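Right after this note come the structures.
Consider the two complexes below, in which subunit A is the common component and subunit B and subunit C are the respective partners.
Now for the complex of A and B:
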């Protein structure tokens, strides 16, 4: 049943989005945006999850979301006041719902126990407005033998497709008359694959429906022949257009003409009820009515249409589109398989390479830069770049969803540690490559947990320190030229450097007598073996190694930096490339090989003449960088392409020094035979065929078609015994 | 390594090994080898590979295969023979195994042959060394012997590879 699996997969995909909408909406409620739209959006998200869960018989999910929905309905109807306690309950419920969805994705039934606070809320909600259950008339059936249990179907007629017209929940004015349609399906209707629901839906377009099941002719269960349709309905259709003709109604049944028996009668209006004010009616809880078709009331757009002519013809236009999608307007979107986009990204990569190759051969063939070919190539280059940007923009995603997920982490971590912590976010609309967003989730989770666990103090300590009892963790994102910087800041006590140092000594990571600068101590946090991750489960999130975080960030070509002030708090900033597909690099030559050094890691370049190089051992030298001597390494040697040799000054060649600063290590100098160019290169991963290659982060293809390696300066430093830079790493390396 | 585990993989309802098989034969380190042509994606002319740092010596590096990066292995070295000399007449056989695509650097391709079952022999058990362990069958015509290589064994194992290179 692969097609079923596909539908299932799509459902879960939607669930993820719905959960995000849910959480986003709840957070808006928490922030005080308590308008009807937000409540509706939240309700809709839970409702849709419930609907889908019903289709796949995910019972735990159904029962939980049902209760959740009931509680939310109370918010909608106004029977439950929205306050901080309620929102907190709902947020916890949304976490639980997320867990249940995650379980369902793994094919397990989660624990559907309703938390007391949610149950209480739901009870308040249903007390306030008697719940309207789903209703196809089935609810009125006489009780059947207990051997036959009727599962109430959430038929939910008019919203399943999203594009179905919204149920016009106009006041129940009978003015203008209605059509009474008796509908009796014949066996052939079902055997030919027709579905009465669709007919109902089609009718619904014409106006409000009140279907009633004719239950009198239902046989006892033992006489029931499942192949014979025995249900009939009487449908009262209150047309939205007063001039609705019989022919128009008949046209609905056109394809089912010989498959069912239809009788239609036009009923004159009854004595009109005194009309309640229409706007009040739209907001107020719906009157419970077993025959009401709008069983799960879809949110009605407040005043969707200009007021109708007469109060008697109240029904708003049925064709008004359902207010689908999250708050903030509709944007036309399509769902595209990520593979297709990746293929496009790859092709654009080829295009960039091909264009570069073409430019080179045009120059090589002696066509001047004024020639038509050359200027045409310039245009091509511009276009290529535009296409590249556009394609990258397709993959780009705002970090909002990622940040939203963190609110839960904060809640949980705060609860676990008994601290009072608030999460502030900023720059949620900053966009970054989808893969980066996905792969940031774990590192961010760890870092936030660490901040709360180790950074933020207990409320008592905070008050003693003259701080507000509630700690704050700030998560911000911003774009800085072609990188995105994400910062996690807490207003806690900062890194306890004495403890960190003592811990590192205890673990044998640094010699006990070594004096360390504050920044060096901060870096100890990132050492493998510093944390106690091995002994404590990942789940608890305590003490998860920052080395793991750093590894993950480095895998994304990102860097991480720490800034801590004792007593004031600590900031971790992560700098990431906008895309994983393109890299700004410096193309250098060393031992006849061309290699690419990421521009982000280069602090400075110097020619050999101007550099101040001092030998410190027969094979090793250091070089001055901004008043400090840093180790000097030959690139080819570091990569294992050349034997170690003393680097000296040879003024007659093009040799140059690149000063590189890997994020967590000290700067060092790389000697290269020549700097060839600085340009964007397309990143070609080695992972598929190679696994991890030391000193290399990826490869690229240069303009002449040659493969060039992209150097990983951090890996190079760690692999090289020429660099004994940071004291902190000695113990680790030896 | 012997052919025994392989023989057990061949279930009774599968066609006998070699039935309808086409082999690409080639020379490498002065000896003759063959691979199942179904594993061959294409044959490329020589281009200088970009070496990989800290890789096993038989990994010659990477070449550009129409925009993707193709790792190239010196088959002779992989089989324990000396390094294949750089020569523009060398060819790279592009092998596809599952999702992995690898290039095998060899001296020259020779022929495409359709062996009949009689011409196929199991690898004798005497061979226990790594080098001969790469063959899954022998293809014998007259007195000439061609080793049919098992790509599974020739291609380095993935997770261990990088570490192997470091040591």
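Now for the complex of A and C:
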């Protein structure tokens, strides 16, 4: 990848961030925070996109952002008043800008047509502003190739309106002649950081210099103000190249043009040179009595030239690196390729495994827990955990950008359904693994559309129900121990359980005579084949049902639960692990297999003999957990390693009960043959060839190198007749 | 040569850095005027030149230049403004603030380098 490609990639990354800033700012404007800072931030976002787009000649993006910027400038200058209509126009424009960026990323031009409302706004803005925006010559831009070479564009200085004369008409120096340059600095020359010495050096590159100092204007010393130039020079320049033009010489003074008086005259050689041999060696005619400047030009004028404030460097010496002082650092962030972090994450995973293996060998070798090796291992374990946390923190990202993206979804969905909806967000700074953030986008989009389409009522219905006409969808995120909980709440009519039930029956998902608890009805939404998309609207559906949402969440080792109150609204709550790479698990044995049960799902463990087990049928039992009975499932049976059997209760048994509570389901008890250990395991995917395996979320490598499956407690419960009961959803979940 | 470059756009910062790097010019970056000022004060030795954007959060280019010129030790540092703006009035504002020169983005790398060499007197 060439550096230019990298910068291009950076630009698009930056665009994404800028678009977020833009949208965030516009939403603040919409919410009434119309302070100058917000307006400036919004303006800058578009301005920066335009600036970068200019560098890559993305013409559609340039012209659209230019118009957008003009409109925003009206807000800045106050010539356009900020109201709901204006903000709506700008929000639509920001969506369009986002589309254009997306097109540009794909290497396409995109449609740069300016929407009428934006054009009108821009016209109002420029009508109200006297400031003339100078065109940056878009049409003239040459294509920029990867070699990073462009022909000169616009190096605008402080020149007067008339441009410097074009090269062809400018007089050229002929061999033997010289340029007489009169250079008179004006009082402001020094205060602008222009330095005559450097200008002379730049001139010296063009040939030999013979400067003469004119110090007649020099005041008496006591009146001398060293910050103001009081001398002038007449410089004879004997060009090295015979075709040096006036324009080239002028270019040396281009920053100083308005700060000095320059006159240039070409002088023919005093003695015509009969031999026109080109003298590239630049030893031009001798002028016997002049103080000649040699290779190291230091035109040290005898007059009290105001000393430059900083050491006049002689040559391009290697400058010192950036200071390492406390405040002197560069920007406090660096950007790292995600691949590198992933490699680090993998290595940390290997480290966790290696450390587990080492612990095991120490145990096997009979070294006591007081031995130096064992305590060293404890330290290593702590360090490994710290490293892991630090690495995970690198991958963590606030959900802010994800939430901001949803504002557009809400806006579009509200528009399509003719409802009035606003989005409230909370906990945007909650951090979660970058991959999770990315993969949440689709499920969240779908759920929000669902909430607006099916949950929030039309304004008329809402008013009739005594609610405010504008519905609210709340998106919140918070961290709960080692998980992140994201909730989507609407204040609509709640899940219409009668209709859901009727539909499930109609689709043959449940028997018509089966009584269901409200929570069970709500869970029907997640059944494959339940999707209401096809008939009800083209909005939330798009061929995706809540089953797909649930699968996406499960793929992230997350769970999803609903809570609905008729007439008041509905909450979907998603619980996700902080990381996808490592899991705190309990290693158990069942039917000679070792498996890992996620610690987060385990409420309590008991030995079998202390547990109160009540058989309720020849094949089924329940067990007392705190003060209620929960179904009992044998892990080997649940995983299909063993046939359903009466629970084994031999006295010498190591077997134990894990009380498991998947987030979205009821608790149950899981019988295992033995609990082996509790430790962190590295999550390894099963590989695509296995597809989705019910009851199993992933695999891991244990300390002795053996592979163990990681049990999905929710999947296990859903797949088990022992828990769900014989009739529930039979045949639809396997 | 060592240049302090200030721009809130990462893209532009990267382009400037790359441009200068290819010419063997060292650069230090800052993301806005305020950071630029902090870094400038901490730099030892001082940079040979400063490139600054105009539109930036916290402290814009004009404010930055004024703040730099207000300090005697920085009175002589050449400051080039690198911006998409071309309006004359803005250029005059920059000049009044103490800017040495004005370069319009998108910039031509070769000329940026020439401009830097001219104002610093360094190769």
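Everything below uses one rule, namely that the second predicted complex is superposed on the first by the 417 of 734 C-alpha atoms of A that agree within 3 Å, B and C clash if a C-alpha of one lies under 4 Å from a C-alpha of the other, contacts with A are read in each partner's own complex, and residues count from 1 in each chain.
Rule of thumb we're sticking to: a residue touches a chain if its C-beta (ideal position, glycine included) is under 8 Å from a C-beta of that chain, and two chains touch if they have at least 3 such contacts.
Quantities reported herein were computed from a predicted structural model and do not represent experimental measurements.
Contacts of A:255 after superposition on the shared chain: subunit C is touched, whereas subunit B is not. Touched residues of subunit A were counted for both subunit B and subunit C, and C has more of them. When the two complexes are overlaid on their common chain A, residue A:415 makes contact with neither subunit B nor subunit C. In the superposition on chain A, A:684 makes contact with subunit B only, while subunit C stays out of contact range. Of the two partner chains placed around the shared chain by superposition, subunit B is the only one that A:353 touches, whereas subunit C remains out of contact.
Touch criterion not met for A:390: it reaches neither subunit B nor subunit C.
In the superposition on chain A, contact of A:708 is made with subunit B only, not with subunit C.
Touch criterion met: A:55 reaches subunit C, while subunit B stays clear of it.
Residues 1-2, 8-12, 14-15, 18-19, 22, 24, 26, 28-31, 35, 38-39, 41-48, 55-57, 69, 72-80, 84-89, 91-92, 95, 98-111, 114-115, 117-123 of subunit C are the ones that touch subunit A when the two sit in their complex.
Those residues of subunit A that touch subunit C in the shared complex are 3-4, 6-7, 10-11, 13-14, 40-41, 43-44, 47-48, 50-52, 54-55, 131-136, 141, 144, 148-158, 190-195, 197-199, 201-202, 227, 251-252, 254-255, 258, 308-313, 315-316, 318-323, 325, 327-331, 335. Subunit B contributes residues 48-55, 61-64, 66-71, 99-102, 158-159, 161-162, 165-166 to its touches with subunit A in the complex. Within the complex, the subunit A residues that touch subunit B are 346, 349-350, 353, 593, 638-641, 684, 686, 688-696, 699, 701, 705-709, 719.
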